[in-house]
Amino acid sequence: MKHLININSLDIDEINQIYNRALEFEKGIRKANHINSHVVNMFFENSTRTKMSFEMAENKIHTNKYDFTADTSSIQKGEDLYDTINNLSAIGMNVVIMRHSDNKLIEKLCAKSYFQEISFINAGSGTDAHPTQALLDFYTIKKHFLNLYGKTLVIVGDVGHSRVAHSNINLLKKFGMKIRCAAPENLIGEKIEGVEYFTSLREAFEQADIVMALRIQRERIQEKIDFEEYIKNYQITKDNLPYAAFLMHPGPVNRDIEISSDVLELQNARTILNQAKNGVYVRMAVLDMILTAQGL
Amino acid sequence: MKHLININSLDIDEINQIYNRALEFEKGIRKANHINSHVVNMFFENSTRTKMSFEMAENKIHTNKYDFTADTSSIQKGEDLYDTINNLSAIGMNVVIMRHSDNKLIEKLCAKSYFQEISFINAGSGTDAHPTQALLDFYTIKKHFLNLYGKTLVIVGDVGHSRVAHSNINLLKKFGMKIRCAAPENLIGEKIEGVEYFTSLREAFEQADIVMALRIQRERIQEKIDFEEYIKNYQITKDNLPYAAFLMHPGPVNRDIEISSDVLELQNARTILNQAKNGVYVRMAVLDMILTAQGL
Amino acid sequence: MKHLININSLDIDEINQIYNRALEFEKGIRKANHINSHVVNMFFENSTRTKMSFEMAENKIHTNKYDFTADTSSIQKGEDLYDTINNLSAIGMNVVIMRHSDNKLIEKLCAKSYFQEISFINAGSGTDAHPTQALLDFYTIKKHFLNLYGKTLVIVGDVGHSRVAHSNINLLKKFGMKIRCAAPENLIGEKIEGVEYFTSLREAFEQADIVMALRIQRERIQEKIDFEEYIKNYQITKDNLPYAAFLMHPGPVNRDIEISSDVLELQNARTILNQAKNGVYVRMAVLDMILTAQGL
């Protein structure tokens, strides 16, 4: 693997390979030591969880990690960033892990970068893609269900602005899962082929092996959100959550908006923390595969 | 040791154990290697010295260190922080080192955290407690005097707002020291049993083996401070500092306010830099004991 | 070597020693392991490239690195910084790498620091000096030309505000190079003995083995800059760049101001990225020499 920009570029074999390698890391039967490699974290959008998760993965595979803390205002234009990355490549960086509000910037940089030596990992690009999140969700689901074929996932909430939803739909459809989205009209976004859309949570939940609540992306929503209305119709509560459903959320949860606090304290909400835990192993696997492909 | 939240939770044996371990680290006869452990520094109040000291301790015992740089405004509420820490625990953090302006937040988080695996070290909580500072002051005093029983410590200045004073009083009383505080009425704060209070520096200094000046906590004082009046009555100078007294200050010193510059250049003001030096060994000891208790 | 404050303090032998050591690091025939040393990066002016380059050098020689992120406003005065550095030295820092807008602050700190144990590296001081940049430029030139004697360097642009130009002139004159500066009157600054000054780029370029464009230091220029006029007369383009000239720039380039984009895409503009690459080896050499001199 040279880059990880979005799920489309991965075939089923590669996804399974990432899954297996992550599992080996989790079980402690695989170790990696990339002491001669250098990885830079470039987060242009706020992040605590994803960034810390990548940092932990970096430490666990013993790469050297760098924090690129740009004054966001001074480095918004793609052109400047292109020069910066050429420079980082020149001094010896091997991997750039980037989060940016622009949907397609990473792809453009990756295509242009004329050193051809540095690899990119997309840690979240606008509303478009968040491939390592989808891979860790896949890992979490597959560990629990083993076989995904025919299982139904209901994604609830701000689907339109969610790179998590978009990457998950891309990935899980490859494995034969049925995808439903339940959201108010104004948060549905552009409809995706092969996905069923509901405005009624109750109807969507009539079939649900997995429920994935999404964070409402306030920072990407222009119009005023009617939270009272949202909570009434889409909050996941003890009452509406299907009995056997596997509950997921990419975090951070807006407590008592997307999910009620009492559900969060339930045993089965631990899945959300398991997603976080699994993220480290999946990111170790991705980084390990990319660095190994570079001979490092 | 599971957590280090305040001095009250430590008995004399544990304090002596920390002292001995720190001494072994200083002498180089003890080494620690916690390469499989992960420690996150969460400083919600500005800090250079304490944070750098913890970072050096972390490097010296070979743990993996992380910097949690939160936008303070977005993460002030305890509830959010609780979710954040559960997440950090889930991804594999073993220790949280936290400084926060809230006197009791760390205690609350520590009690609530439902993973039960992560340890907390209080690196300064409001005006309440700063246990590693008290431990390093104890270390500094004990190395010099060997026996603390019956020795008199005079704490000078902003006692009321000082977590350093509060933790030191808690700790040093356990070892039979006599504690005096010299401060203007408005900086004395709530009086503590067994401590003598003076508004006259001269009177307090009539008996003084150790003089500990405190930083005036401008950020915690609402009313206007009359610095001229403070300097006249409480600044430590060549003239009023008792001849044989051992001078301490937790740093950073407001030069020519709490202590005159000429005193700072004296040989015996080097104690202040020794406190800084000793802090690294004491923090190594605390971290080493906590990580060892976790089997790491 | 105890400190690296400016080029004046280095003789020809020391410069050649740095060159040789950097070359050995680049070729991989020298390794360094300073695992028991501690280096703190204190950048009071924005920097991505120089800071990342130092960080990579620090990782490659296996020192422990620290990031001093001061609230610039609270720590502008030399006096405060003096206490801070004494404290950093006390806790065990071995080297301070400092960038500051004040031309002479580092020299003053270095002279005053009474611990006498900590070393300073100047990573850029105001408009005055940037010795590691000059050393990496020397390294880049010498690797290409082998013998510098009699070669002509034309420095183009904001010479007056450029610490890069000042340090390069100091260094390259020692090796018998001819130095020309081409700049508009208002950017020439104080003239230096032995340097030829031109306001016509064409005339300056009549003799030019090496062309070094400088970044326009907008942050240090009070009056309004007429960029149109600058571009017309001083931009380096395919048309005016002498055929065989070796093109350099300390970066970051203001594209289409100092150098036209089409020149930047030329093969010979790769030198600029080579400068960046070489910077890591030169900084490894400097750090290695300083730490070795400390017995670390």
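Order of writing sets the chain letters: A, B and C. Residues in each chain are counted from 1.
In this text, contacts are C-beta pairs under 8 Å (C-beta built on N, C-alpha and C of every residue); 3 or more make two chains touch, one makes a residue touch a chain.
Since the model is a prediction, treat every value here as computed from it, not as a measurement.
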Checklist outcome for this item: Two copies, chain B and chain C, superposed on Cα atoms differ by a rotation in degrees, nearest 5, of 120
Checklist entry - Over half of the interface residue numbers used by both chain A and chain B, so same, or under half, so different? => result different
Next on the checklist: Counting only Cα atoms for the centres, state how far chain A is from chain B in Å.
Outcome noted: 40
Checklist entry - Of all residues in chain A, which are in touch with two or more distinct other chains? => result 67
Item to check | Interface residues, chain A side, partner chain B - complex | outcome: 46, 48-49, 52-53, 55-56, 59, 67, 251-253, 255, 273-274, 276-277, 279-280
Next on the checklist: For a test of understanding, state which residues of chain B touch chain A in their complex under the given definition.
Outcome noted: 38, 40, 64, 66-68, 70-71, 74, 79-80, 83-84, 86-93, 115
